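Structure below; questions to follow.
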Amino acid sequence: MILHTDKNIDPQKLRQLADRYEAVILNTPDFNVLITPSALKKTDEADQQFIKESFVFDTDIQLASNKYIKGKRSIKIGDHYIGGNSNNVLVTIGPCSVESEEQITQTAEFLKKTGLKSLRAGCFKPRTSPYTFQGLGLEGLKLLDKIRQQYGFTIVTEVRDSSHVDDVIAYADVIQIGAKSMYDHGILRKCSKTHKPILLKRGFGSTLQEFVQASEFILSGGNPNVILCERGIRTFETKTRFTLDLCGAAYLKENTNLPIILDPSHAMGYAYGVPDLARACMAMGIEGLLIEVHPNPAVALSDASQQLNHEQFSRLFETLKPIAKAVNRTII
Amino acid sequence: MILHTDKNIDPQKLRQLADRYEAVILNTPDFNVLITPSALKKTDEADQQFIKESFVFDTDIQLASNKYIKGKRSIKIGDHYIGGNSNNVLVTIGPCSVESEEQITQTAEFLKKTGLKSLRAGCFKPRTSPYTFQGLGLEGLKLLDKIRQQYGFTIVTEVRDSSHVDDVIAYADVIQIGAKSMYDHGILRKCSKTHKPILLKRGFGSTLQEFVQASEFILSGGNPNVILCERGIRTFETKTRFTLDLCGAAYLKENTNLPIILDPSHAMGYAYGVPDLARACMAMGIEGLLIEVHPNPAVALSDASQQLNHEQFSRLFETLKPIAKAVNRTII
Amino acid sequence: MILHTDKNIDPQKLRQLADRYEAVILNTPDFNVLITPSALKKTDEADQQFIKESFVFDTDIQLASNKYIKGKRSIKIGDHYIGGNSNNVLVTIGPCSVESEEQITQTAEFLKKTGLKSLRAGCFKPRTSPYTFQGLGLEGLKLLDKIRQQYGFTIVTEVRDSSHVDDVIAYADVIQIGAKSMYDHGILRKCSKTHKPILLKRGFGSTLQEFVQASEFILSGGNPNVILCERGIRTFETKTRFTLDLCGAAYLKENTNLPIILDPSHAMGYAYGVPDLARACMAMGIEGLLIEVHPNPAVALSDASQQLNHEQFSRLFETLKPIAKAVNRTII
Amino acid sequence: MILHTDKNIDPQKLRQLADRYEAVILNTPDFNVLITPSALKKTDEADQQFIKESFVFDTDIQLASNKYIKGKRSIKIGDHYIGGNSNNVLVTIGPCSVESEEQITQTAEFLKKTGLKSLRAGCFKPRTSPYTFQGLGLEGLKLLDKIRQQYGFTIVTEVRDSSHVDDVIAYADVIQIGAKSMYDHGILRKCSKTHKPILLKRGFGSTLQEFVQASEFILSGGNPNVILCERGIRTFETKTRFTLDLCGAAYLKENTNLPIILDPSHAMGYAYGVPDLARACMAMGIEGLLIEVHPNPAVALSDASQQLNHEQFSRLFETLKPIAKAVNRTII
């Protein structure tokens, strides 16, 4: 259950209620919120004087549920909003990894030409082998910071594990929690203590239930700005790297109040399929698209096969615009 | 390998070549085609005088490969074509099952209003329980035939197992091979002996490789008119009935010469997600969409949860048109 | 529900009851059985005079459920029983395909030496490519028949599709329904009309629920002799051919009344892992093991990589014996 | 490649070689080891004077490969070894979570009676919901420490994320890296800096390749004592919690030099199936079993359905002994 109490409730009483119902306390400007396990379906008669409003749920998807907040939460990214009353679609592009100042500057120049405002690139790469490029780390974050100052772009970059989460929170405009870190309580709890937007990627072996519940760690810890990112799940099919779960995206759209960004690049794993998938994603009527673009994919240090070059993205981008218009969306 | 020999080759010689290379013989109007296992990469020097053209393949995807025929095969459905030089998208709709004359007539009246020309409905249902509705069988086929005569629609209907394949071939305009029958050699071979278009659905546990290889049974048996239908694969996610594999659709688009129809209804399993998915499918730039529509889904004898009612489909249909236009396609 | 009526019930009354409750009628020596959809949870007051006993179920797993019959059904194979009060484990071995008289005779000679009594080999192979060996067909069945007459072995062989189901039923002692045919109503219904044991393989993309429901087609059609065979499901893991689902075997053991045979060969796909898996299967306490053995796997026309040679099987067989003893089972 | 250089190689030269071949340096008592990306297949002529031995690999499974070390590494746990020349099977049991001193003492008393020597229990629980029991944390570790001092058991306990990895390393005898943390570089790198045995669980969505590669982070960082634990993968089947991948276990046995522990409890998710699965695991001939046992599963704060009570485990344990004997293993 979610219980709203009066903002002026006696703190000791609030604590008592939290203890009785094994609830997490979340302070918001307007009222205090108690979130109990969803197994609780009603409160004691005697406590109801303290409760202004209450919400019952089938599962531990509570703060993220559209039964709690109708429509999509509004989240500010740079000067723009996604979700809420806006029809904006954030298109964030960039290379898998920051590799060098030259590479990231080329990307920034290209981004500027497209008119887009958000750059994504990783510094701490969650590689599956210790013998491959692991990212530039803090040095990469500093390069991204420089780009932001020079170009005014918002920066989307990824945290890999809790050991560097503070650095990423400090440098990023949007903190991406990677698919392999979706269950990481250390990261989730740290991200709940900032108010910067969190782009939470679905683990490729994670159910939609677990995915949205991971967002509850952030929401219940105090950060209301969570964006869900579907990026492909692992299935028996191996001709493509993963399987983009647009049925899942439809489920998330219907059942949660969190904006949704789709990532066709990681799902497909091959550049040839990314444009068609990106167009499909745009037609879904979601809040964002994340597409890997690299000045020269052939020499990329990670994810070489799936990144579009600048020309390929430009062609794709022209075709996204009429589809956005057809589904009444504005690309930002 | 695929080997083209002269049309006038001595039949005995052709037979010899087929035997030597363990090849299937396919007679076409222009030349004789030998299809060997793909493991064969070259023919003997002495035989090359008989071979006009030859094609080598990595796997047993041969006749369906875009290395053999560039672009999509052109397939006639009613008075229209899909694939080839056309930009047509066949939108075929109708109930999961033919349930009664009244129900199928209501559907036909609705179809007429939309301006669409193709009705799909099943008569032999591949249910997983023996204790549920199994379809009207031959009686259903006769009802569909009546509708065709009255309204001029093309009829898409499904064969479940080889015991009634001849009936379905006789009555249908497009023979649908269901997901659960994709490996059925009895059906595949019978379907190779007609020239009616075959809509081959991907088994929900089948790889793309197996899916396209199933089409090779039909193509190599003499029927060049195969359409591939992705309808969702089975994954660990259970909030939705299946997972629509649009990465797979992108693979099929790139690597095969067969037109593609997508079926968001069976993938999603719930009506609420079908419109968004249908829009995504349309934006993929494929040759067709199959959507389950029922006059009154609440009382449907099968697949009740996933069928759209007429009003829902009408609203969806209006939104499909601008997307089709955006991707340069014409709905038929 | 399953309803038992008196054997002497008026046939017209029985028909009326069946119609009212949408039930399948199954005649057994002792009583008439009506099987309704499991959604039905009780019958009308007025009808209860005709009903001697009734059983309620959560799902359409009814005749196969251990809520209907406790323990495992007893099924006769040759001169022996599996299930019931026996502790027998049928170990049936042989090549993937009958390839020649020489090959199958070598196998028979080897089988004779081991002391085992059941030979398995396929004649109609459900290959995924039309350009590979499809099996010897009827000729293969005749070779197996000859072996049976000469050696007295029971013959386990597979039906691929309904077009040859009558032949397989005629020649086999145990009719195997392959994984790719598990949903084939044509085969299931034909197999329900014989009393020969049916070895039903689980589809590699099929849930346990669907698997057991497929057996209900056979059981409710009149054949009480169904054996369930788990042979590996398709998962994201590709280092092995399939993933043997022993958790699923534990579920089937607990919840159904059907004997269970496990097939480690198809699951693993590589000979090196078969012995360890076969030992694991034996320790599960099931009713049978199916292991592919070939006189010379290197030259096998199908499944070459997973078949054991005679020496490998002999070594494995010696290690199966003490495990069988440890779990109180007798190998037949 | 793995390159062995002389122990007395000039450190600057070693550094140069590492730089040239993008290698990780690992110092062992006998020689210096350089591990390069597996894409490297040979070294320069000029460098071969410094290289005593070299090993080439197909993939980044290198230190863990049986092409590098034949047989299983020997790992000391308490006073005993697993792997190496021993035939020991470590059976470690205990509750999912430490819940109270009483509960863990009851477990210890039971363990003492069985004669087993290793207790497993979690303190930091990687729950998927923030509204459920998250474990006792450091307090739990201290309770386990007390038990160890009192009873002399070895303690197996889990690290959930990098924020408390130091504490777990300090208190545990065997550090378990949970399935949800398998990709966590922060944890993997910390665990590479101790010499305590690491029990690395396979992520339920992780391939065998990724699983073994995760162990390479630990091995290449300096800790040679890694044990692989298969605990079920996520598949389409939902009647059981996960699917125990014994085909995968057979692969790991054949291809790696790391001891293997199997966990039937988490795979099955239901107590009824655990005994049969545990017997199957024992028959696989592996180095250990991990089984969840709780004094009173009905009131357990996590994983209530899958834990065995003491009586159930005792009965199971008696049946494990003859199977261990049958496969020539000694339970410790």
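When the chains are written out, they are named A, B, C and D in that same order, and each has its own residue count from 1.
The rule we apply is simple: contacts are C-beta pairs under 8 Å (C-beta built on N, C-alpha and C of every residue); 3 or more make two chains touch, one makes a residue touch a chain.
Remember, it's a predicted structure, so these values are computed and weren't measured experimentally.
When the C-beta contacts at B-D and at A-D are tallied, the pair with the greater total is A-D.
Taking each chain's centre as the mean of its CA atoms, D is the chain most distant from subunit B. Each chain gets a centre from the mean of its Cα atoms; for subunit C and subunit D, those two points are 37 Å apart.
Rounded to whole angstrom, the centroid-to-centroid distance between subunit B and subunit D, based on C-alpha atoms, equals 48 Å.
Centre-to-centre, using mean CA coordinates, subunit A is 32 Å away from subunit D. Those residues of subunit D in touch with two or more other chains are numbered 205, 209, 234-236, 238. Put simply, subunit D touches subunit A in their complex at residues 22, 24, 35-38, 60, 62, 126, 128-132, 134, 160-163, 180-181, 183-187, 203-206, 209-210, 213-214, 216-217, 220-221, 234.
On the side of subunit C, the complex with subunit D involves touching residues 205, 207-209, 232-233, 235-251, 253-254, 267-268, 272-273, 276-277, 279-285, 319, 322-323, 325-327.
Remark: subunit C residues 205, 234-236, 238 touch subunit A in the complex.
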